[in-house]
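Next, two complexes with subunit A in common: one pairs it with subunit B, the other with subunit C.
Up next, the complex of A and B:
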């Protein structure tokens, strides 16, 4: 009963152009995939590696310090030009420097060059001259560096405490206050604590001597991290790299999405896809059952089937427009009028949000689920149905006890295809609820815990936004690559989960494929 | 043979034996059936004796499988079917308004040409019909399952692997499993639609032996293409052609001394 693998007639290998052509196509596809993934991996993950910082001396005596980014030939063979990332945007407004190679007289990598990651203005590069504490103490040289590292750890702890206080104590109470609760006293206590923390972070600054002879004074609370890449050993660099990747995955974005992490976007993408699956599966399966098992197989049913298949070809932005018009303005607007008129005119459900985005994508992927499930149902031999009926099963019992279990792998195939399509879809989301910045994920400890009305971040939209809408595209590009790689990985994980589920179910039910 | 005295010459042209109502399990009267405008059965009238094996033979497309499917109303599934005439099970019209189809199908079980066990364990296959009825303790259910598997001569082969997938059984075992599954719900009539045509000779012999054993408490109706099989297992044989009942009589008589030339031609293989 089982087809013996390998018994199929095959094209003779190495004979004739057909086999070569086919093998060539496979190789080409694989190469393209490999090239895509390696580009994303190298450009994206390489960004987190602490690159050496060069001190460059030019012909005219000027000096600059920065990470070498790339080198390109000048037009008409007039030599080459190098791009350095010099940071210090607050000093001269530029963050990048193009230098003709011919103008460079010396390049060195002094061990005491410091790279600061700051909350604003991007990186700062220079030599640490002094560290001044809030009481006016002044440390210089190596002592300043040692003290800086210690102080940064303290600051990070304070910052975490502040964020926790804000997210878990103050924000919920502010919302409770808006809803008319009596939490003034608690809120006052929390606010006082917040001010204490804020005060503890303030004061203290460091003075940086830049390569071009300038001086940069940076308040310590602005500094997130400091490192001396030229003095780092490879294990140190690896640790810094790992930390950087972890922060990228676990933190929210900074600096208009051109820096920081993508955690809210990962969370939003996964949550939206899961909601979409939960919404699309029952509808798709029921529709397929109706079309295949219940409806009279006449001309009308055939017409509906063709229409469903054609729905799969409608451009996704069209679904976005539909979602905006029907879900957001239509249903959402009505819901607001009925249940949230207290807060009008500011909309609750009458604006894009998680629920509407999931529903729109569910609609978009509905044809995929219907078609896959229908194919699975059609593959089940009529004898199985008749066998169940002949034992005294009603049609409903036949469906639920024999037909549906046998069609489960096909349904899950449909869901897998739906997930693959939905996770990568960006265009409709821009109309129905994705946000440029929504650092609060839509799940928290507040009732009702899952906030379907909130806007959310999405990896696909994050890529689009960082690549085209940031002020500083050059510095956002590595994050764009990293985010793209992450999106591919997220889709892979979602698909693998569904495939694992399908395999698990098909071994339990003894799927048709085993015949 | 308790039925022998009931055999009477039947009206020409069809030699139809007419059992007394008390001795017959099923009675078909004036049954005509068409798929859309394609006629499949024409004015069939016959009685099927209780606790005997009755075989329907005839060329492909003669309507014998259709007739079988009418007996437990599987033709209901097809909206195009138009039927007139009556079918009585123990004196009750099976198409009557008070008849629950599910209940009827439990009383009239059916085994199909290709084995169709469900994709579940052996145990769950046999338990399927019992679970539909519900109201049985697990212990009672297990007893019935064992009894059904023994009745289908499968118990000794599967008793140590009841939890294994039914699809791991051989074709012959699967067919006996399907019979056990049908027996478990306690039918009065068992319809067999070419039950051995997809099986090897040894499995076929097992099925035939099983059929002979089952008639002690069941009425069996067998559709077969295989003349030898009909001769080996059935007590009565009906020959159908083009949707009409041509000849019906005790198997021995029909095969050795057919009344009609058409029947003789068919069973001797001289039919065009």
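Up next, the complex of A and C:
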């Protein structure tokens, strides 16, 4: 801060209008950034909060029940209208209802309104009138609700058991069978167990009275979760919210990416980025060492250095084109001809996949790592090198024992920046191997465990796909917000780490460079 | 040569051998990596050549088809990008790259129009006026802003900002009208404040305490917009634009792309411009201030001229980023290959075209090679622009060193 007397001495003269416009541009940029981040945070996290369900009575006597989404002015400026998410798509074909505010006569929030999350058809909203249990017993009122909750817990346990059985017992056996193994007996036992579980899930249904007077019969095995948002206490809501966030992070997508979670996309992004950093770190460091320590520091090296710096500014889509042309069509096509001749019309490596995507992104982030490492190497004073050499070390020993340890924070910074950049890149991936929906993650218990030729899901592409290619963008939006928030958080954390490391680096080696 | 069987000598030879091996490996690896990087340009050129040079594999097209007008052929739209429309027919494909280049440059121009004033203003403020403590926080914040992925910005621009702007066109206009007078008003009001309040809100922290003022301006713009619409545009701005000016209005248009990409490009321009401004030797600025110049006069007359090559290279880098940005344009522009001056109409850029069409274009075909040509154009443009910027920056560093006092 300036001393007070100094600032007072300048005050009467003023700084003129330009200074205020300049200050305003700082404020405007910060405002835009804040607006973007808070939009993502509020919409992304707010989606999981159980919203109250309103029962709306209209002028003409019709009733509807739904979560209020938003309110906008009518185009002619004659009033406002509200959007409700009413669910029950199987009854009236619509999931949303626009209602003019002027037509609403009463809004209430009855405690007995039930929101069902179903496997198909999205949500159902209504009052629980009756529940027929597995044994055929008919329950009504609170007893029905209690029985429903109990049954849902059982169903969830059964579903988990079935999924575990399928993923860990049956699928590996099926693959072994395809490979010619003799596992018929084990498979038959597992299949019988699967049928048992399936049978245990069946039976029972519930009857829901919808707000407009209709009736909806839902088999219990179709129901994933049921809640009564209006009857929930704040701690209950918080628990539901936490559970929703957890499911978003840990489950796979449902209903054409408009519902469910993003676990495969997280997995794919992380795996791809890890592979990429394994590829980019050694090569980037190698190139930087060559440029800074080995190469003759002449005109050519300077030109190469400028060229490498400039490659960091080349659009990512160009790298994607290179990846598609050279890795996928060139190398991948050749590999297919040599090793996967048997399956040829359908390509193995001659199409986009995990390996090619990682390689392309490694190439894309190579300049970042090279530049950062080189900066770190250039910071190390020559005395350190000369001292090591004078004590009789060879160049290799000087590099590995003295120079590289000192440059490690710079290398780490470079790699983290590279990871942050790679995690957010989507355009090149669209060309070299990202998939809208990949049923199998690229890692499983099947040899060779890591399937470099498979396509994978990616958080960034998931955003693009769900927001622009989905059939029902409106219902995908909350999940897109949540995914965007997740991606931004990951990248912010990575960048903060890089900034912290760089700070650490400059305080640790600052004294050395000042000569 | 001493006794070669004595252990120290063997060890020394081993060490030297290892050293030589490592040097060879590092050299080979380094050259290999750099060659792989530089191979991108070579690959694009090699793949594009058959488009113009008959090799028998692909049918060639004349370079004129890429950029000459179709007017003679009686086509209403003079330039057209439509490489797949003629698959069944024997008509020649219309492969003019002009509308795509137009869209790319238009989007970049709008982005720069928004990003450059913001970035330069912010850079000037933080180099000359800002409190050091705030400045050391602002730089990493804007670095984080630079790291925001394009797909997130594009999503917000295309699905949130674009529909909002469509509904509130007049609000946006009112905000634009109010922004500059509003900020000047803030300055005027500030100079009337009692000194105690002025010290509580110094100009060095204006970047923060102007935030509520900007929000206030936003609210004012929202309140004023119906009045503005009624007074100047006969009650409905949209209608007025469509009927009186004959403009087509698309939801996702060049202005939205400009805003989103301006937001994305601004931090990198800021970072470079701030470096250039704060790298000017302090003795120059202090000399000017000692002679009685205000800080703004110092900036305008002394610091800015000295740093102008750095500012230029910052803008160049920004242009390179804006031209190559894919996801934002893809998601916020509507991707219609139009050629208009109308900022409220859609556009289609080279990068977005590659992203959309390349997965469908079969390898080796004409369409594929055309898209590779588009990639080559992008590569060449950004590479040239960045090289220019880098050379200018190197010059600048030398100049600062000559002016003395530089690090």
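What we mean here is this: the second predicted complex is superposed on the first by the 444 of 515 C-alpha atoms of A that agree within 3 Å, B and C clash if a C-alpha of one lies under 4 Å from a C-alpha of the other, contacts with A are read in each partner's own complex, and residues count from 1 in each chain.
Simple rule for what comes next: a residue touches a chain if its C-beta (ideal position, glycine included) is under 8 Å from a C-beta of that chain, and two chains touch if they have at least 3 such contacts.
Remember, it's a predicted structure, so these values are computed and weren't measured experimentally.
Once chain A of one complex is fitted onto chain A of the other, the partner contacts of A:309 are limited to subunit C, with no touch recorded for subunit B. After overlaying the two complexes on the shared chain, residue contacts for A:492 are found with subunit C alone; subunit B is out of touch. Between subunit B and subunit C, more residues of subunit A are touched by C. By the document's definition of touching, neither partner reaches A:163: not subunit B, not subunit C.
Once chain A of one complex is fitted onto chain A of the other, the partner contacts of A:142 are absent, as it touches neither subunit B nor subunit C. Using the contact criterion defined above for the overlaid structures, shared-chain residue A:329 touches subunit C, although it does not reach subunit B. Of the two partner chains placed by the overlay, subunit B and subunit C both lie in contact with A:394.
When the two complexes are overlaid on their common chain A, residue A:337 makes contact with neither subunit B nor subunit C. Taken together, the two complexes place residues 394, 397 of subunit A in contact with subunit B and also with subunit C. The touching residues of subunit B, when paired with subunit A in their complex, are 72, 74, 77, 79, 102-103, 105-106, 109-110, 112, 114, 116-120, 128-129, 132-133, 165-167, 178, 181-182, 185.
Against subunit A, the residues of subunit C that register as touching in their complex are 15-16, 18-19, 22-23, 26-27, 29-31, 33-34, 36-40, 43-44, 47, 117-122, 124-126, 129-133, 138, 140-145, 147-156, 158-160, 167, 179-180, 183-184, 186-187, 190-191, 195, 198-199, 202-204, 206-208, 210-211, 213-215, 263, 266-267, 270, 294-297, 299-300, 317, 320-321, 323-327, 330-331, 351, 354-355, 358-359, 363, 371-372, 375, 378-379, 382-383, 385-387, 390-391.
By the touch criterion given at the top, residues 1-2, 4, 7-8, 10-11, 13-34, 36, 39-40, 72-73, 283-284, 286-287, 289-291, 293-295, 304, 306-311, 313-322, 324-326, 329, 363, 366-367, 370, 394-397, 399, 420-421, 423-427, 430-431, 460-461, 463-464, 467-468, 473, 477, 480, 484, 487-488, 491-492, 495-496, 499 of subunit A touch subunit C in their complex. Against subunit B, the residues of subunit A that register as touching in their complex are 296, 381, 383-384, 386-394, 397, 401-402, 405-406, 509-512, 514-515.
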